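What follows is a group of structures, each given as structure tokens.
Consider the two complexes below, in which subunit A is the common component and subunit B and subunit C are the respective partners.
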Partner chain A sequence: MKRIGSLLQDRLALLSLFIITSTLLAGIFAPWIAPNDPEEVHMELRFASASWEYLLGNDHLGRCVLSRLIYGIRPSVLGVLAVLAISVGIGTAIGFIAGYFKGKLDALLMRICDIMLSFPGYVMTLGIIGILGVGLQHILLAFVLMKWSWFARIIRTSVMQYADAEYVKFSKTLGIGSLRIIWKHIVPVTVPVIAVTSSSAFSSMVLQLSGYSFLGLGVQAPHAEWGMMLNEAREVMFSRPELLLAPGITTILFVSAVHFFTDALQVALDPKLGSSGRKKQRKGRFQTANLQGSEVA
Partner chain B sequence: MSGYIFRRSLLAIPLLLVISFLTFVLNALSPMDPAELVLHAQGVPRITDELITATRTALGMDQPFLIRYLDWLFSCLQLDFGNSYVTGKPVWSMLGPAFLNTLELTILSVVAVIAASIGLGIVCALTEGRWLDKSIRGAAFVLTSMPSYLLAALLVWYFSVKLDWLPTTGKETVQSYILPVSVITISYAGHYFRIVRSAMLMNLNEDYVLFGRACGLPESRITIRLLRNSLQVAVSVFCMAIPIILGSTVVIENLFAWPGLGMLSVKSILSRDFPIIQAYVLVLAAAFVVVNTFSDIINALINPKLRENDL
Partner chain C sequence: MLIVDRVDKSYRKGGFFSRERQQVLKNISFHYEQGECLGIIGESGCGKSTLGRLLLGIEKPESGSILLKGKKAGGNRAGSGSISAVFQDYTSSINPYFTVEQAIMESLGIGRDRSSRRDNHAKVDRLLKHVGLDPHCRTKYPHELSGGQIQRVCIARAVATEAPCILLDEAISSLDSSVQMQVLELLKRLKEIDKLGYIFITHDIQAAAFICDRIMIMRNGQIEEIVSTTQLMDVQSPYAKKMLQMVIS
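Entry: the complex of A and B
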């Protein structure tokens, strides 16, 4: 709790958390928040600039940009969040089983992970979309298939660090059940790793998803999605560059909020960095955890 | 050492086999009948049941699964990936040139990424905490939070449209390399220079630096030592970066109409040209395994500690 307290004292982290939660809430309550219907076409309002009714103006079909941005949160952010939760869940389960029980099961699970990790993420995602067809749900499925192994590996490593600790051995000798040991002694110490890893994966997945939608492989028209909005804006980029601004800035703002939050989380949760102020500074702000396997959209 | 190289290379073979099998299975998972797809793609006006059966036999679909896999594997080894459903041309005649184009883009970008990361990493580590360090890190922070296609669109808008210095798309002149390579470099160097920087800062706290300073060694010589030690960490990261960049040029290629694998794959996805997708996944995954094997060997050459464990 002390650590979370220190996180809340960090003003930038707090601001990031505010941006993230308000985005999530706006996405969940989109029908109540969005001022207009995101798919309603008004040809007479094509490329109209901001007005009181349409606060961010209208796009090439006269649709309300602000409403589309708000509805776009659903696939762009909430979809990714759901997928993240599923893959972290699978990865955590497998990571704990492999890291705690070790032995042959561990070897088998890790070989499977190795195989999954030996496919480059982008290529595999494209392969899955290619076979199953274009669509958001296939991209999200591909994300789950590709990411769980990565989480499993990282979580297994951190579980292993503690599985041999003296207090775990002691509990085992006392005859306490494995599940109880895992829950009482190993889960609490691995939560920081899981939190930081998933938070840093979150931002890269948001960027990747918007990349696929940008290519026209994800969300299909007329539904709104940030990457697709950017793609639509790009087509009229030379005549109306200002249309790039709204979805572009929103994406940058959200992703950097997640980046900041990840860094703050890492600093707050890393026990090694806890007390010494100097190291805390050195670790610095613009650092993101776990660059391994992170892909840029 | 030669023993390690041998064992590590042997390890790649079963991995490649598994990958080829998975790629084959992936195709079998398709909800559509390949025979029907071929007929559709070739624009046959009326698809009859006899026609489908005939096409299935022509495609070898009536054989058992494993036989089909082995057949397919052997022809793949001879670079025969079948024919495109859409154009009817051999897949390799389309994939090969595209692969070379992507490789060209990747190699140029990797060189640029490494140079930029090391350069920026050193500058930031040496000016740690001062305005130069802070502004470089701040800029990198914004640039890496940006989707790379947005960055690319902004650069195209400025340099190609406003200033009219560089071509917007294609791969014709030397100038057409500049924008794609710089977009990839900015997106990746923005991540990787931090690793060089923090490795250098970590080494800066080591006793040998203090000792060197105490002995009155010139600062430039200390920096060279520092760099040599820090780059060890960076080398393994850069080795990992190569396959990642190779696989993720998709967006950039499509934006700049670069005639590479990324463009080919998206085009085939949209036209449901399975043989090309399958060959694309196989070729890139194989390239990924090969690069990973090499990078493990390079890492082991640099750092003897890695040779003992992990195998």
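Entry: the complex of A and C
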């Protein structure tokens, strides 16, 4: 609790938290918040600039950009968030079991993960779409199938690192049960790793989802999605660059907020970083960058 | 109190699917009486820590038995009658997310019904003083303490379990020599005040001779010889003789 308190003193963290929560709320309550119908076409308002009725102007079909942005939160953020929660959940469970208990179970689970990881992600996703048909939910399903093993691997590695620590050995000599040891000693030290990997996976998934939408495999045309809005605006990139700005800035802003928040969370949770001020916070950011790099590879 | 009878232990060598096993402990048998201090010495890799883990019940022997007051070690043996431990690596011996107080509380809360918070608070104070630490340390995190202070906290934590025997696995090896001496003095004092017994694993014969009543010399996973410290000079086996010679010269 004390540590959460220090998190709330960090202005950047607070701002990020505000951006994240307001985005989520806006997505959930989109029908009440959006000023207009996101799919209503007004050909006479094509490329109209901002007005009081359409605060961010209109796109190439005269639809309200702001409303499309708000409705776009649903697939772009909420959908990906749900996928993330599920795959991180599965990955965490498997990672903890494999990393803590080791032995045969670990070997078995990790071979399964290896098999899952050896499928090329994009081809698998295309395969799933080919079997189940085009649609957002099928892409999200493919994401879950592809990502859990990746999380399981990373979490297992960091659990293993701590499962042999001397304080875990000491707790074992006290006769404390495995579940309690995991909860008290291993979960807290792995939370930063989980948070950082999830936040970088989150941004990459948002971008991938946009990519599939661009190929016409994800969100279907009239519905709004950030990546698709970008692609629609791309066609008029030189004549109407401002149309790129709205979805682009929103995506960047949200993804950065997620990054900043997980960094701040990491700093706040770690007593070593927390007490000695903010200059070490850079380290957290550096690690984030590292992890992202390893994910791309 | 502790009876170890023909214990063997081996680990899988190489990859997961390899059949080859490395025998780490062979036919270990000895007795340990309550309140005595038994030193276990031997060169690196001879299986001292492995034996320690078996005694603590963290791992199971492959064959043979370890009986603690007539019961198998490693069962659900919370509370008194068990062995507590202090380990070598002080950088990881306290959870970095725990304060000193929380670390000690962990072993206070075991095997007893929840005594009141204030009660425990006073106990932590007493334990910290007992091992020569300032009670202000209670709110500190391990990275804010020195190695010697952390080892003292670990000793306090081990004492808090009220186990009659504490296993110290190279507990002083990573400290510098003056702090080593302080910790040894502390252990000696606790031994007299609390009637504690130790199993003292080390490769430092002098430290072992300083604090132990009996010394067990190990070599390649086997017991070479057990002698009492007063008769340390007339060991029988050639290996032990050679080892002592090296220390004296």
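Convention: the second predicted complex is superposed on the first by the 230 of 297 C-alpha atoms of A that agree within 3 Å, B and C clash if a C-alpha of one lies under 4 Å from a C-alpha of the other, contacts with A are read in each partner's own complex, and residues count from 1 in each chain.
Operating definition for what follows: a residue touches a chain if its C-beta (ideal position, glycine included) is under 8 Å from a C-beta of that chain, and two chains touch if they have at least 3 such contacts.
Every value quoted in this text rests on a predicted model; they were computed, and no experiment measured them.
Contacts of A:Leu215 after superposition: subunit B is touched, whereas subunit C is not reached. Of the two partner chains placed around the shared chain by superposition, subunit C is the only one that A:Ala107 touches, whereas subunit B remains out of contact. Once the two complexes are laid over each other on the shared chain, residue contacts for A:Ile131 go to subunit B alone; subunit C is not touched.
After superposition on the shared chain, subunit A has more residues touched by B, the comparison being subunit B against subunit C.
In the superposition on chain A, contact is made by A:Val189 with subunit C only, not with subunit B.
Contacts of A:Lys172 after superposition on the shared chain: subunit C is touched, whereas subunit B is not. Contact with neither subunit B nor subunit C is seen for A:Gln9 once the two complexes are overlaid on the shared chain. Once the two complexes are overlaid on chain A, none of the subunit A residues touched by subunit B in the first is touched by subunit C in the second. Within the complex formed with subunit B, the residues of subunit A that make contact are 114-115, 118-124, 126-134, 203, 207, 210-211, 214-217, 227, 230-231, 234, 237-238, 241, 244, 248, 251-252, 255-256, 259, 282, 284-288, 291-297.
If you check the complex, the residues on subunit B that touch subunit A are 15, 18-19, 22-23, 26-27, 29-31, 137-138, 140-142, 144-150, 153-154, 156-157, 161, 187-188, 191-192, 194-195, 198, 201, 237, 240, 243-244, 246-248, 250-251, 254, 265-266, 268-270, 272, 274, 277-278, 280-281, 284-285, 288-289, 292. Put simply, subunit C touches subunit A in their complex at residues 16, 53, 56-58, 76-79, 82-85, 87-89, 92-98, 103, 106-107, 110-111, 141, 143-144, 154, 157, 161. Across the complex, subunit C is touched by residues 107, 165-167, 169-176, 184-185, 188-189, 269-272, 275 of subunit A.
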